[in-house]
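The next part holds the structures, each set out as structure tokens.
Common to both upcoming complexes is chain A, partnered first by chain B, then by chain C.
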Partner chain A sequence: MDTENLTVPGNLDSLKAVREFVKRATGSAGIDKQRAYKLTLAVDEILANIVIHGYDEAGRSGDVEISYHVEEDRLRVDLYDCGIPYDPTQNDTPAHLDKQLEDRPIGGLGVYLARQGTDDFIYEFVNDRNHNTFIVNRAANGS
Partner chain B sequence: MAFNLTSDIHNGVVRITLSGELDASVAGQFKTAVEQAAVAQPKSLALLVSDLSYMSSAGLRALVFAKQKMGASIRIFVVGAQETVQETIEMTGFSHSVVMLESYDAAQIEA
Partner chain C sequence: MEIETNSVDGIAVATIIGDIDGSNAAAAQSQILTLAQTCTKLVLDMSRVSYMSSAGLRMLLASYRAIAGKGGTVLLAGLSEDLSDTMSLTGFLSFFKTSATVLEGVGLLK
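For the complex of A and B:
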């Protein structure tokens, strides 16, 4: 099983390094380009939320740990942080996607994109840490 | 590729060229450019994005900001979007509010 870990400071300058990390993961798992982009976007969106809302706005600081595991039929990416507890899977699909821009609230898009870019998106709070798991099936499912 | 942004005003259209990767760490630059563009009260805003290889929701939020700052009547054109960036714009419903063009069509944009 192919696996890799990375720890980065919980700030926005880490976004790029984490995108590169996810690219290595999808390359290792043989995920096609379009789905690889969507998974990269998913992780990037959640990491940005962690940094902005979980750390900065909460007056906290800390690292973010990321790892990937290439399993037989899927790629799993795990993200751990010590920001304020936040469960993005409880965030409803924005009801305003068909609204004109000027009528839309700003927010909720990142979590929506994270859910759209994964086959499974799981959250748990364990040992005082947020744990977000992103799963993409290795066999293209046509979605 | 690092994020880069240039802008000019031409025939009443503010043209902002975006290249590289637009994420939350650089979205502030885009927002500032939109704010500066709003001062000129342009009739249209054209985003030239053929060299933009990545855009997160931070870029989309700047588009919402542009509409709010420049008024609902401002026309926003997104020109030359790569397939992945285009898909994000469509998936989030932003394609209802902007005009997606494959190439810069002066007759349409500067009308």
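For the complex of A and C:
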């Protein structure tokens, strides 16, 4: 099983390094280009939320750990952080997607994109850490 | 990420170069809003943006509001398939005029 770990500081300058990490993961798992982009977007959106809401706005600082595991039929990416507990999977689909741009509230799109870009998106809070798991099937069926 | 601005046939064109993410979208937004104060027709050349997160969507939303608020038009030129997909999924795409190239976009706005 192919696997890799990376620890980055919980700030927005880490976004690019994590996108490159996810690119290596999808390359290693043989995920096609379009679905690789969507997974990269999913992880990037959740990491940005962690940095902005979990750390900065909460007056906290810390690292974010990321790992990937290429399994037989799927790729799993795990993010761990010590920001305030937040479960993005409880974030409903934004109700304003059909609204005129002038009338839209800003926000909520990142979590929506994260859910759209994965076959499974799981959250748990364990040992005082947020743990977000992104799963993409290696074969494109069912997505 | 960098933004180069110029004028093609009297139409303002801003070329965004590089990934747009949570670390730089606010800076891009402030540059484009400054430009938006001086024009009612704006072409954003997106052909050199290979990645854009929702922070970029917020930047586009702010640009749209600034220009559409005074009866103008924002056109997005050269969107990649990935960027188009994100914008379509979030309902943003239908609000913008689009074109394959800057020159085509300038022609549409003239």
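Everything that follows uses one rule, which is that the second predicted complex is superposed on the first by the 141 of 143 C-alpha atoms of A that agree within 3 Å, B and C clash if a C-alpha of one lies under 4 Å from a C-alpha of the other, contacts with A are read in each partner's own complex, and residues count from 1 in each chain.
To be clear about the criterion, contacts are C-beta pairs under 8 Å (C-beta built on N, C-alpha and C of every residue); 3 or more make two chains touch, one makes a residue touch a chain.
Keep in mind that this is a model prediction, so the values were computed, not measured.
Colleague: Looking at the overlay on chain A, is there a clash between chain B and chain C, or do the two fit?
Modeller: Overlaying the two complexes on chain A (C-alpha atoms) leaves chain C and chain B clashing.
Colleague: On the A-aligned overlay, A:L41 touches which partner chain: chain B = first, chain C = second, or both, or neither?
Modeller: Both partners.
Colleague: Is A:L15 contacted by the first partner chain B, the second partner chain C, both or neither?
Modeller: Touch status of A:L15: both partners.
Colleague: Would you sort A:S61 into first (chain B), second (chain C), both or neither based on which partner it touches?
Modeller: A:S61 contacts neither chain B nor chain C.
Colleague: Who does A:T7 touch here: chain B (first), chain C (second), both, or neither?
Modeller: Touch partners of A:T7: none, neither chain B nor chain C.
Colleague: Shared contact residues on chain A for chain B and chain C?
Modeller: Common to the two interfaces on chain A: residues 12-13, 15-16, 19, 34, 37, 40-41, 44-45, 48, 51-52, 97-102, 104, 106, 109-110, 112-113, 116.
Colleague: Name, in rising order, each residue of chain B that touches chain A in their complex.
Modeller: Residues 21, 23-25, 54, 56-58, 60-61, 63-65, 67-68, 72, 76, 83-84, 87-88, 91-94, 96-98 of chain B touch chain A in their complex.
Colleague: Which bits of chain A are touching chain C when the two form their complex?
Modeller: It is residues 12-13, 15-16, 19, 34, 37-38, 40-41, 44-45, 48, 51-52, 97-102, 104, 106, 109-110, 112-113, 116 of chain A that touch chain C.
Colleague: Spell out the residues on chain A that touch chain B in their complex, using ranges where they run on.
Modeller: Chain A reaches chain B through residues 12-13, 15-16, 19, 34, 37, 40-41, 44-45, 48, 51-52, 96-102, 104, 106-107, 109-110, 112-113, 116.
Colleague: Report the residues of chain C in contact with chain A in the complex, numbered from low to high.
Modeller: 19, 21-23, 51, 53-55, 57-58, 61, 64-65, 68-69, 81-82, 85-86, 89-92, 95
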